[in-house]
Structures are given as C-alpha cells and as structure tokens.
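Here subunit A shows up in two complexes: once beside subunit B, once beside subunit C.
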Partner chain A sequence: MKGITSPQAAGWLLALIVAVLLPLFTGGYLTSILLLIAAWSIVAVSLNLLYGYTGQLSLGHSAFLGIGAYALALIAVKVHVGFWPAFFAAIAISGLFGFLIGIPALKLRGPYFVLVTLGFAAIVGVIALAWTGLTGGANGLAGAPRPTPIPLPWGGRLKFDSLLNMYYFTLFFLIVILFICHRLVHSLIGRTFIAISHDENLAESLGINTMWKKLLSFTISAVFAGVAGALYASYNSVISPDIAYFTRGMDVLACLIVGGAGTMAGPIIGTFVMTAIPEALQIVPSLRTLINGFILMLFIIFLPAGIAGGFKAFSSRWGLKSEERRHGAP
Partner chain B sequence: MALLEVSGLTKAFGGLTAVDRLSFSVDQGQVVSMIGPNGAGKSTVFNLLTGAYRPSAGRIVYDGNDITGCKPHRSARLGMGRTFQSTTVFRTETVVENVIIGQSLHLKTGVWGAIARTNKARREEEKVREKARSILDFVGLTNVATRLAGSLTEEAQKRLSIATVLAADPKLLLLDEPTGGVNLEEIGGLIELIKKIRQSGVTVCLIEHKMRMVMSMSDRIVVLNYGTNIAEGTPAEVANNKQVIEAYLGARRVA
Partner chain C sequence: MVELAQYLLNGISQGCVYVLLASGLTIIMGILRVPNFAQGHLYMVAAYLGFYMVMSYATNYWLALVLATFALGILGLLVYFLVFYPVRNAPEVNLFVAAMALLMILEGGALSLFGTESKWFLIPWSRSVLSTGSLSLQTQRVIVIAGTTVVMLGLWFFIKKTALGAALEATAQHREGALLCGIKVDRISATAFVVGTALAGIAGVLIGPAVLLEPTMGMGPLLVAFSAIIFGGLGSIAGAVLGSLLLGVAESLASGYISATYSLAFVFAIMIVMLLFRPKGLFGKEVWRP
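Here is the complex of A and B:
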C-alpha cells in the first residue's frame, strides 16, 4: 500500500499475521470474540471515514448496522433468495438509506446533524422492536443464512459452516474495507473530505460541492456499516433489536475516540481495546457500559487524539515519519 | 466589458440593512478597490457576491451569468475566487496540500478511480502536484512547501490563502483585506503579488483600509458608507469627491 512508510507497513503486516494465526491456537470462544472485534471494527472504520476524515459526527451508525442485519435476514427468509443476492441487496439497502437520510440531515451542520442521526437511530431501533410482524420484535428474527459455499478453482468448495471460516470471512471484509478507506482518504477526493472536516466554509468557497462530498462520504459509510450488520447476522443467525439500539452507535464512537479518529489504525485499536479489556477482566455485562464510559472519559481528558493519534504525535516528535504526512514532499 | 455587474443589491439582517441598493461594476482586467468605514458593509458585499449570503433584493451578473443567490461552490466553479478577512488556510495540512485542495473543483477522478488508483487517477495526481509547485513558485512559498500551514507567519499565510484560491484558476479574485494583520514592512511584498496576479490576466476586487495602497494600485474605487456606494471612480476622482471627503477621507485629514 502506497503512502504508508515502512514502520507502519511492518505494524500492519504484524497485525495481519496475528489476526490470521491467533485463532488457530486458541479455542472457539476466543475466536468468536475475535470475530466480533472484526465486525465492530468495520463499523468503527466506517464511522471513521465519516467523522474522522469528513468531520461529520454520526451517533446513529447503529441504524445502518441494524438495517444491514435485518435486511439480510428478511430478504433471505421472506424472498427465499440465496445468501449472496441477499447480502448484496442488504448492503445496497443500507447505502440507500444512508443516501436518503443524508440528503436532509447533511444540510444541517454541527450539533443539529448529530441530533438527526441520533433520531434516525432511535426510529430504526423502535421499528426493530415494535414492528413485530416484520422483525419479530423482542423475540428477534431467526434464519439469517450462512454464505453459500464458493467453488474453488482448484476443485473443492470454500465452506462457511465453521466458526473459524466465518471469522476469516469477516476479517476479509475488514481488510477490503480498510483498503478502500485507505485509498479513498489518500486520494484527491479524500482531500476534499479532509478539507470539509477542517473548514466547511473555506472548502465551499474553493468550489468544493460540500453537500455532495458529505453525502458521498455518508453513503459509503452507511454501506460499510451495512456490511458489518449483514456479516454479524450471518454469523449469529438470530438477530435481536439490540443490534440496532442507538447505544451501540455510542459504543462505536467510544471505540473510535479511544483508538484515534482520523487515523487508519485507530478504529481497530480502539475496538480491540474496548472489547478486550472487559473480556480479559471477566467483567459482568451490566458493568461493561460503566467501565467503557470510564475508559472513554480518561481518554477524552488525557489523550483526546486516541491511542493511534497519540502515537503519531509521539513518533513525529521523535523524528519518525508519520503516516499522516500525506505525500508531504513536493 | 464588465466582468461583474451588480445592480440594486440589498441585504437586510432583520431590521438592519447592511447593504442597501448597491450598484457597481468591475471591468475585465482591472483592480477595483472597495473602501469605506468599518461596518460599511464591505465584507457583506463579498459574501453576497460569492453566495455565502442570499441577497434580499438585487441582481448579480457575472461573466454573462445571473448568479444571484448561487451557492458558493457554484460561483467558485464559474471562476470567482475569494479570500477571507480572517486569514483562512487549512492549518493542520502542509502548504502544498492546501494548494492541492485548492484545485479540487477541477477534479475528474471519481470514487472508482480513487479506489483502484487507475492510471488516469495517478496522472491527475501528478498534474495536480505539478501545478501546486508552479503556484507556490508564483507566490514565493516554495521553500516552505512541506511546512504545516498553521506554522507560517501571518504574511505567508496570506500568500498561501491567495495561492489556494489561485489554484482554482479564478477569473475574478475577491480579496478581503489582503494585508490585514500583516507587519508594515511586509506589505510591499503582498502588493507586488497582487500586481503580478493582475498582470497574469486575473481581475481583482479588493477590500482595503490602507489608503496609500488603494490609491496607488486601483484602477477604480468604490466607496461604501452605510451599505450603499457614495462614490465610484478613478482614485483621483474619488479623492476629490466632496461626499467622500466628508464621510471618510475628510475625517482622516483632520486627524
């Protein structure tokens, strides 16, 4: 990947090796945790594109996660199509909702936009819970399918019936989405996103159609969150309304802030830390929100740039090249 | 030929009429200065011209297009560039990145091109980088190209804000106090830059308070007071206009 200098490249490679090899040596429980980390990382990466790089804070990404998950299950169960058509339809629907909500919401700026995203998430959450005929309500919805096996060119088929394979499947999408984000952010289009995040008025005065660029970022972000939702539904087979509950959107934001918004590694580091700490300490679920809230507070006060952001500042002070000097040399 | 023609332009904020039936025109290739006491409505006029504010009444015709009420990115696309009174650059980006962002409105690479890094996208990036270098050379910022914009001196930031707008190839450049907040010794360099821009064929309209600068470099001057133009003409005409002397210059001479 261009634009990443060697210490970073080494870090990514190491992370990839660990992510691929670790589940081979651990039990199923840990693999399922890793799978969830990968899935929630995708949501954090999608929020990072919107918030970290375009400056638009959405508290409602749980909505797109929910739409992706429910769309996959509903299409597969009610329309009786195979996994792949249902999967692509689900992420398209999530993106479509992002586009349609984005048109009115992104006309608003700052806190007003944040409130609209929160309101949208609340509506989706209520629909998931109350429209029993469609979503099964609080009982949840069963029957989200696993991916249909893919025939391999050298014979045999790639099956997704095991937990390990589902983990690799999720990891694959995380890597693809990270790669797409990396390319986008470091492109000329990405620079217009970053310009908007710094100063929307200045960006607009330079001829950047800020509304359209924000809508583009929002829609792509919704598509990615939808992918995470569909992957989760496929893995878990049963989905319940809490996937679309708006507090999940807050959790994603917390992960992003802890890891470092506006950095490539931030969303993954943050999701890992925020999932691994409660897991390692064997904290009861009801205390998790409390602990996560405490961690978030510490970060906002002492390291607002997050782990990756803090590391970046630290390394640039010590003369190491940093990733975010985007093609700085002329 | 008039590049910009403003007629009956009015902007009311509630009960306050900031700009009141203002009419003036800017000819191609000229330097037109807008002067007037603080609060005369000069910056509001710029905001109306670029579309940051919607006019309450009146018409703005630019380069043959009626752009009244157009969004800022539309007027920028038609070739109207502007800088802001409070120096605005992307502070946490490098100088060269600022000028690259300034070229965004010419961007042709789409989402697919960006993700796949097609040859077309690479070539465009190469071109954009090349152009950024030549613009930095033009404004004299080549030696600080890789510095963060926020770390530059006020004067260099003014240059950078002009460079960023120039990157969009404007036909009309609106400069809101291009020497505001800059040390007196450094103003000469900025004046030279504005003259150079004008020589390159860009029409310039600027808001300024520094009288000697305005008188020496303007082809025409528009004098604003209480949101309306009380005089318009060559520097000599304006300097001898009775109303202007009373409203503005007179007070200075006494002081």
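Here is the complex of A and C:
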C-alpha cells in the first residue's frame, strides 16, 4: 500500500466507501448480513496472520471465537460489570487461552499441529454444549450486553442501540485489526513470521526464535478472533454453542483460502464471496457447509492462491503496474 | 473389580472401532503423507449406507456389510482421483485443506440427505446382550470385536503375504526407492486409499447397530483414531492397533469413573501430553518433520 495513487490503495478506498455507504441505502436485513461479513472477516483476518503469514494452519479458531463470545456474556451477566470491562476481559481471556494452548501445540509441526488445534476446538465445542451450568448448553446463553454509549467531546453520546451503529462498530474493529495486521506484517516481526512460513528450519538457523514468534502470532490471532466473538455476542445478545462448533473453524479457513491466504484483501474478499453467494442464491443453511466444501475443493485444486493471489499473479503476468513490479527486481 | 473388568471389556470393543479407523489412516498417511481428516466422515457415510440397505431395502446385515465396504472402496477410489491426485505435488498444507474440504462436503451432504435427527440402525440382534458370569456386552459389540480381529488378520496377510501388499509397504518406506524398483507408485497410492476407506466402511457398518447414527458421529472417533496413531507411533500399523485399544480403554475408564460427557476431553489430554513428552509415540521411528 505504498503511495496513495497505487491501484491497491484505490481499491481499499473504494471498498471502504462502499462498506460505509451501502447500509445507508439498504434495508435492515442486508445490514445484518454486512455486519456478519464484517465480524467473520475479523476471524479470517486473524487466521490469515497465523496461517497466511506465519504458515501455521489452525483449525481451532472456532474455539477462540466461542471463548470471546461466551466470556463477554458470562462476565457481563455473572460479574455485573459494564460492557467495556467485560469486552476487554473477554479479549484478554481469549488471548490467554491462545497463549496457553500455543505453548504445547506450536512445538508440533505439520499435521500434528493441525490435529491439536482441531482437538482443542472439539473440546471447547463439547464444553459449550455440555457444561449447561456455565454456558446454558444447547439453549444458549442470553444477556450479552450492547456497548455502553460513549460520550462525545462535542456533547451528545455515541449510542449502539441500532443495527446500523452496531454495524459501524464492527466495521471499525475490522479496520483497526486490518491496520494492525498491515503494520505488523510489514514490520521486522512480520518479516520473521513470513520467514517462518517459508522455511521454519532455515528461519531458526538464522537466529530467529521461531517458537516465540509463532507463539506471538498465535496469541495475537487468538485475541483478534476473541474480538470477533465478543462483537458477535454483543450484536446477537444470545449465544448458542453453534458459534464454537468446530466446522466454523473450517468455514473460516475456507473463506481465507478462497479469498487468498497471505494477502491483505484475501480474508475479506473470501468472507464476502462465501457469505454473499449463499445469501444471494437463498441457500438453506444446512446446504451451506456442503457448498462451502465444494467451493473450497475447487479452489484448492485449481486456484490454491485464492482470488486475491490469483489476481496478483494475473496482473503481474499481463504487465499491470503492481507493487511487486515497482519494488521487485531492477 | 467386576466393574473394572466390565469397563475394560467396553473399552476394548470401543477400541476396535478406533483400530479399524486408525489402521486405515495409517495406510493412507504412510503412502500419501496426508492426514485424511475425512476418514471419520467416510465411516459415518458407511454406517448410513448400511442403515438404508438394511432398514429401507431389507438387505441381510452381512450382505450390507460387504456391499457397503465395496461401495466405500469405490468411493475411496473416486476421492483419490478427483481430490488427492490433482494436488499430489502441491505443498503439504494444500493436501490437508483438500481433506478438510472433503470433510465439509461429506458432513454437509449427510446433513441435507440424512437429516439431523438421530437414527437407530435396527438389526435382529440389536437389543440382545451376551453375558458370561457378571460381565455382559451387547451382541453387536462382540461382533465388532470378532469382525475387527478377522479384518486385521486379513490386513496383516494382505500386507505381508501378497505382492500388492509388499509394494504398498515398500512405497510407504521409501517412495523413490519403490519407484526405482518398478512399483507404479500412483497405482499403489490409489490402492492405499481404497484399502483405507474400505476399512472405514467396515468400521461404520460394524458399529452402526450399536450406536445412534448422526451426521456428526464420525468426528469423535476420527480424533481418537488420530490420537491413537500419534500414541502408537506414526507409520506403524501395530502401533496404531495398540494405541487404539489403549485409548478405547482409557476413554471407557474415564467415562466410567469420572464423566461420560468429558471422556473425549481426557483422550485429547492424553494425546497432548504424549505429543509433548514423546512425539514419536510408543513404537514410532520418526517424527513428522516436513
């Protein structure tokens, strides 16, 4: 995103304008879909940091999503604190779980790591369903609060009682998290993440503490997924164990791969496509896993780089001015 | 004491299902280097196939067992050529994702075809129980133990005593070496997939009458089977068998003495501890280092 005139910057600006203005002209239903796209995009962005940039394929993100959502509701309901303390506590708890699970899991590589994250997701899913005293079981948990109004410096208060405001609230977090990811990936730490994703042994031999860097990436990723969970809980107010069901982690991965892992726009494009297509075609929810599976399969076979990655390759082949061209070989 | 013996027996019969799944996974993993996440869902598909053959078309149970096993073998062949063959040279991670996509397709397909409500797979001896002394076991569970023993002996014979089995083992040991010896590695990979999915098919139809059928029934056994492979050591069928039986017993003891709801959580805890302290498992020679 160097320079305000690059095609990428123009694309981002256009997407932002559409994201801000579109719900003003559409009905409530479409706004709620856009809100969900924004929330799931946050999860996809968080998985992108871990998988796309650090090379660690996790299927455990449904767990962090669930932990963020349940933590917000439980803290607000049982401890009787306001939204903001509960929100930050929920995020911290999600990050803490990421850190604690990351320590044993990240010592493993390849399929072992994938399996441990999947096992963790399955355990959290079982707890959400079976520990009825804590989570309400299959009936779900009610009472996740909406954000408390923020007083504005010029008087008046920023309220979050309407769907539209909740959408902007979620969009705000998506933009903030995207920005953090962008800065992170282009920092020295981000370079070490990418080095690990290319060749972990080589990175280690260059003096990178790969375990620590992977743990950092995993924890940040868990925090972001927790943010998405807390935002979803706050919007929906009732949480069901569905949110922590392990296939959600696979759906997020599907969105990421379809959009393009390891690109900034990929997770958002993927989430948009994978949510908008079933919505537009009015597909019943039970068929969605099936269709998402088919789309994921087609992409992994024919276009594993995803939409954004494919576009990048296409534009550099046909001589369109892209970032790589200008900053690449002399 | 009687209680303990009963839990051990239950654990062994449950472990037998894991034995079939885990040995199929080991064969596929040995040749293709892909953890087939969809193995549990293939087992679920087989259980439903058996259910519909017996319940809707009044097929004999044993015939249904054979037919479903063949059907799963053919499905395995299709899956191999449509899904894994095209991505065989891609990075390892793409193979994981392809397996996951297969899982999603099977789960979504099962949800929309079979519905979400649980189904009872009823056969004439569904409700009967065999007992000796103070120990008792569902007749079908006894059949599971006997069936698994027969199948595993057959598998041992296939791998150790036939040319195709020897080629399979050789390819698992050293792919390039096998290629140099004139083994058609692609054909062997397809064979491995067929054998692996057929084993899942046998497991599904064997256990079907003893449990409730649900589209998500494959996930728990899949994760336990993976844990068993890690426990026993990657690439060793004997290790997978022992690991499966041990974890089946551990699960049974945990659900008997602690809590049935969380017995799976204990199995995963065992897996994580095992991975931390002895990642190559009890009998394994290698650790996965891509």
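What we mean here is this: the second predicted complex is superposed on the first by the 314 of 330 C-alpha atoms of A that agree within 3 Å, B and C clash if a C-alpha of one lies under 4 Å from a C-alpha of the other, contacts with A are read in each partner's own complex, and residues count from 1 in each chain.
The criterion applied here is as follows: a residue touches a chain if its C-beta (ideal position, glycine included) is under 8 Å from a C-beta of that chain, and two chains touch if they have at least 3 such contacts.
None of these values were measured; they are calculated from a predicted model.
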item: Comparison of subunit B and subunit C by subunit A residues contacted; value: C
item: Partner chain in contact with A:Thr289 - subunit B first, subunit C second, else both or neither; value: second
item: Partner chain in contact with A:Arg109 - subunit B first, subunit C second, else both or neither; value: second
item: Touched partner set for A:Ile301, first subunit B, second subunit C, both or neither; value: second
item: Touching partner for A:Ala254 - first (subunit B), second (subunit C), both, neither; value: second
item: Which superposed partner A:Leu216 touches (first subunit B, second subunit C, both, neither); value: first
item: Contacts of A:Phe246 with subunit B and subunit C, given as first, second, both or neither; value: second
item: First (subunit B), second (subunit C), both or neither touched by A:Ile208; value: first
item: Subunit A positions touched by subunit B in one structure and by subunit C in the second; value: none
item: Subunit A-touching residues of subunit B, taken from the complex the two chains share; value: 50, 52, 71-73, 76-77, 81-82, 84, 88-94, 96-97, 100-102, 104-105, 107, 109-111, 113-117, 121, 124-125, 128-129, 132-133, 136, 145-146, 164-165, 167-168
item: Subunit B-facing residues of subunit A, complex; value: 2, 180, 183-184, 187-192, 194-195, 198-199, 201-210, 216, 220, 325-330
item: Residues of subunit A defined as touching subunit C within the complex; value: 55, 57, 59, 104-105, 107-112, 114-116, 118-120, 122-123, 126-127, 130, 246-247, 250-251, 253-254, 257, 286-294, 296-297, 300-301, 304
item: Subunit A-touching residues of subunit C, taken from the complex the two chains share; value: 29, 35, 37, 83, 86-87, 90, 92-94, 96-98, 100-109, 111-112, 116, 219-220, 223, 226-227, 230, 261-262, 264-265, 268, 271-272, 275-276, 279, 288-290
